[in-house]
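This is the structure I want to talk about, given as structure tokens.
Labels for the chains are A, B, C, D, E, F, G, H, I, J, K and L, by order of writing; each one numbers its residues from 1.
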């Protein structure tokens, strides 16, 4: 039996075009939809006694708003910034103002793709980064977050 | 007599500050307003038996949303990304997920302007690019789109 | 006794994460909140017989919208673009279309921080720039704006 | 009935290796030969009451000579500089000395190809640029040229 | 009860200076020794019914030798290339010749450190990358490897 | 009635070619002479109960000497380094050794001019920077300095 | 006894200034003249039952013309592009349109000379490259060409 | 009375677009035609007892041919390489093979123009360079050449 | 009948991952194994009356050791440095200390592959370079070496 | 008989280390001393009815002072900035404020020397540049200056 | 009489190709052999009451091993990293883990040699650097080490 | 008893801000004043039978003057160029004209500090360089100079 969630939820924030998951370039991003990932993530979090707030937006400013919200309401932030990962200083700054652990996730391995995806503005302000494992990467990130939350909470 | 529109519409998407057209720096962008261009474009499309969805936004995320909408509802996308052309990987990624022809248009010739306008994030994912002809460029792009739509539809 | 405001207001526009002022990294940005700065700015403007429109947004597109609004409704624009200062060509273009004086303000001194904050897309289209004086910098900018407005109005 | 050509001809100049069109890398350049394009271009020009001088050379200097000839004898120049587009300052300078409209055309979209094709020495001195539409791009360019010639002639 | 290991072992290869773990710069690398990580990794692998070959060397050539050995004898490779991650094309080439999944691990988050650690020669040839979670990252990598091994073995 | 100056003076140091002010390129630097600015500055300082030492030199070494002098004899340093702003590490180092507030001033806005004026060696070691307001900028800087001096003196 | 030539000839094309061979900078290029190399090459080709077309031009366009000719009339192309090797995209494109093997030769070793000779536009479209062996390099290239021609012909 | 020419002639070689002199961009290149410069140059040379061979071509290869000719038939080479100055390694190599003095001339001052004109491939292999004096620069170059020829001839 | 070997042997040194030849990426490196190449090389050397020492190592230091050994014991060095070709200054320095001819060989053509393979640290200290001919390239190199050895020995 | 000097003198300003002329690296700078050049220059100027002020300093600030003096007291400025040519923005700015013709001279040809001498801060603000002719270059520059002075004075 | 060695020894570690000292390029590295330097170093150390461990290897990994050994067994490390100085992050990281003083030595002055020797990976983690004095530099380094050891030991 | 000084003195020249030694940033530069270093240096020189001229200036030109003086009056030059080390080509050129040994000294280790201190204009023209040992570095440099002077004097 899973434990009752008492900690604040993990915020899982997804950036631009991730709502097309399963439709767009499946040879790169796989065939699982974002909705399905949302369910898998919630299930896995439950095994750690944690709940999840799962969102997606194509708007940089919306992501900044949510990070600011998560700043005081979450136990941890999982973020797949999509294309904004490589350009957004606003998200970078928002994450710097956050004290809870931040974990960056990418479905594919950006270093194995185009030059302009090699640098992430999120990585330098993330506790850790997990890339290349597809939907599975979100679950590993939940495990990592749970472990960090417990350690801090202890 | 123009043919009856049966194909899905052409989406014509305009990026930031294009709503100021005719007002802003007329020596660069001309004196035609965006509304006037919208009408010229609709008229020209009608001669090809095509209709047009014509929009403008200053919001990068809004443009991404519209491109995703056009992904399943349009026959072709004409896009003048304005300043986002040079910086937006999110728009780049959204257009990559699109199967209908994408045509990039600019009123002025970016290569003849400042260094930071020389590179477009949209060009590499566009079928073709037409720049420097002012409002006339939109009409050429409609002609090109019509030609591509017919070829594919044949 | 302060003069009656007859000129259009000064628009003071604040970019992403500035709503966290006083909370985020106080060793860099100080402990004054944005709301407090808003009041200080209004008070100082009143001594020049000027009123103030004071806003903040995390959305690049929203800032562009406001600059376009200020284009016809303000006597001057004070802008602290936050992180968008370093990346936004859309804001750059919007400010270029503006005839009233534009003054760029930063609380901290970007040249004394990370490399990626050394270049501003706003500076080249600003009349003047004031950085590094914390909340005080906004007041100096109001003084500068008042002086410019008077000179033009004379 | 087409109008009688009274304006000077449009010069259509083609650079190195374009004589191999239809033979070389058809997946990039299509299967239409340059001779066929020459006929299509002449036909389209005739609908605007214009004639065409259509030439190709692998020699940079020859292209410069022809541009100088076109300087006083043409109504407009359409140029597909081929590989010289990316390296030739001599062609750049020759085109700068020309007062008639210059339109750059490429069959493929150089921005979607190798890095070294991303920059054109011709673009900065062209009125407009049309790329990526294959042979169709020449026809769009003729339309654009006709429109510019009429406007100037008016 | 854990399953009996029948698959080939996971090779866990550690690069230069990782034998100093727990001693060197603990504020960056933590206080767990490499030997302790070896045990944790073996235990975790056992829960997936997998065994582990765990090695460390300061010699680039030795790491290449081991990767070549793992090429035919392992189910997956976990590699923390240490400083060679950023310079070794030889390791890059060796990993390219490997068909089993390769997972790159780093204790710290290289993107949050010096510029010269931002680029990895291993990342482009890895299936996935996990960085920043300290010793915990090795365990996540074992989970990821187990998941990949099962999927392939199915 | 102005207060009696009791604090040490503000040093206002002007770099190369500023003695030509009012004569050189008035469309960039305005028509006020340096001598006139000196008077305006002294007057403004007096309103804060402060005195001013106002100097100009074309010699980099002389400026370094004066900064060292100001190190122990001034309440604050205002410096317009002129062209040395962009090249002088010696001035950079001298200012680093100073504990009183340093304010950088430029008459024009260097970011709106040539590339080689975009980077300042003084900015990273200045408390704040004020550029683009012509002679008015010196007065704003005096206000800023007075404010900083009082805060420290309190 | 040498075999009778039945295959099409090998085209050996020499670029600018190679006609000065034996005269120009002999410490770099040796004392053998181009005419002598032509004879040596013909003799060596004869031992493989092959004939040779041996040409030199200082004109980039001429070299492109010859490559196009060789495209349908040769068994292989040996090319020493001289200075055009480092700058000519036109030659690069011409060679890309060729199906017969292309071998690049240089008398000296460009990597051991000035920086601007380190990169060749020909190398990426050549089957193989032989440099640094003086006139002897041409003979090795003939051997290599003969071997490739036979393999393809088999 | 001028001395009888007994030395070989000075070759004065002019590159692409210089035949347009007096017509093209007179605000940069002046209003004197190339033919007029030819006469002025011949007259000035005669005062030194020297004759002149004066030529122009738009073809890089032609210029290389002429330099090779001048190699054995001239007393000195004056070269205005036009746009080829900035790109041609072939001309660079040809001039390196020349033992007589080479003097580079430009009508305008390339360093005061676009970035891509700042570097000359001819300068490093020239004895001296004279730029910015318009047609007068050719006469100074003749004087310089005469002086060098005499010194060597002495 | 082949001549009796009296000269010192040719050292043929192979760098990292070349022991995988025939197994690794055969579409790039071919299907011949290194052992087979070793035999082919020895046979070819015998036809020149020369013997061969043929070795491979994944260790940069080992290759340096062997080059130092070859320094006094070989007639020539053939080296395929593999990935170390692009990074090793140690091998570069070792080869610089060698007086016998050094020939660099690569199976594939590095200029036609990834950017990071375009520059070789070995090329600048090699007499000549032969790339792109697969196993055949080693034989051409033996021929070249034999020719150089004879010339020196003469 | 030379004409009586009525025009203001030509200022000939020499930068750092030029006082060592004839002593320092004579293979680059020749054996004529600066004093001798001063005399030659005065003599040549006299033939044009002009006088000369001839100075040298190792101090950048001194050169700026002299340029400012020459601004109102000279007919033209000849400047050999020595090493400051490549680094001094202060001299660049001083020369920009000058209306009389400025001619840059160098004894050697900087483009044929080290990379760091390829760019001059003086060239972009000079009317013309003469380099590489040793002491003779000063005389050519006097001739050029005389010609410019007359043209302006006419 | 020299004092009895009680402190741990100084480790003097020499990198690749230094075993060729006295043989390789004596005009750069001098004629003293490494063995002779070893003796000189031991003698000099003895005058400070210190002993020496003196080693050389061509293997990067071996040098890392030795640095780790020296980490706990030496009083100071003198290291001449040879070519690895410029490329080895592994040695950089190993030295960072060391608490005893590290002194970098080079026989020649790398800044006066090729570009790729200008940057050292060892310098940033060394206490001090001594270059350019040949074998003498080792002795100066021993003196410096002795001084540092005493100061720490005091 | 020290030997009587018969050789010319060693010039020890100190650049900008070194007069602040002991006061400025003691955590970097230590607490010894420049005057104290001057005495230590003189004492150490005396043990070698040498005298010292010890000077400091903030003026680049003054340093150039002194180097020229030392050119004929010193046995060796020790120079700590301070910030000018990284920018001054004038000092570079002055030192190149010097035949006596030049030794560069820095108190701190520039390679371990900001990027802009990593490159020295003095190093390429120095015999040797000693950095990072604080005041002690001057004494090592005196020892080195003494050794070089004796060797030359022998």
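In the analysis below, a contact is a pair of C-beta atoms (placed from the backbone, for glycine too) under 8 Å apart; a residue touches a chain by one contact, two chains touch by 3 or more.
On a predicted model such as this, the values are computed, not experimentally measured, just so you know.
Counting hops only between chains that touch, chain F reaches chain H in a minimum of 2. Where chain A touches chain B, the two copies mostly use different residue numbers: shared numbers make up under half of all numbers in play. Chain pairs G-I and J-L differ in how many C-beta pairs they share in contact, with the greater number at G-I. Rotation angle relating chain A to chain F: 120°, from a CA superposition, given to the nearest 5.
Separating the CA-averaged centres of chain C and chain D is a span of 48 Å. Chain centres here are Cα means. That of chain B falls 23 Å from that of chain D. Taking each chain's centre as the mean of its C-alpha atoms, chain D lies 56 Å from chain F. Touching of two or more other chains is recorded for residues 59-62, 87 of chain D. Per the contact rule defined earlier, chains pair up in contact as A-B, A-C, A-E, B-C, B-D, C-F, D-G, D-H, E-I, E-K, F-J, F-L, G-H, G-I, H-J, I-K, J-L, K-L. Of all the residues in chain L, the ones that touch chain J in their complex are 59-62, 64-65, 68, 71, 87-90, 92-94, 96-97.
Within the complex formed with chain G, the residues of chain I that make contact are 109, 111-112, 118-120, 123-133, 136-137, 140, 143-144, 147-148. Residues of chain L that touch chain F in their complex: 15-17, 19-20, 23-25, 57-62, 82-84, 86-87, 116.
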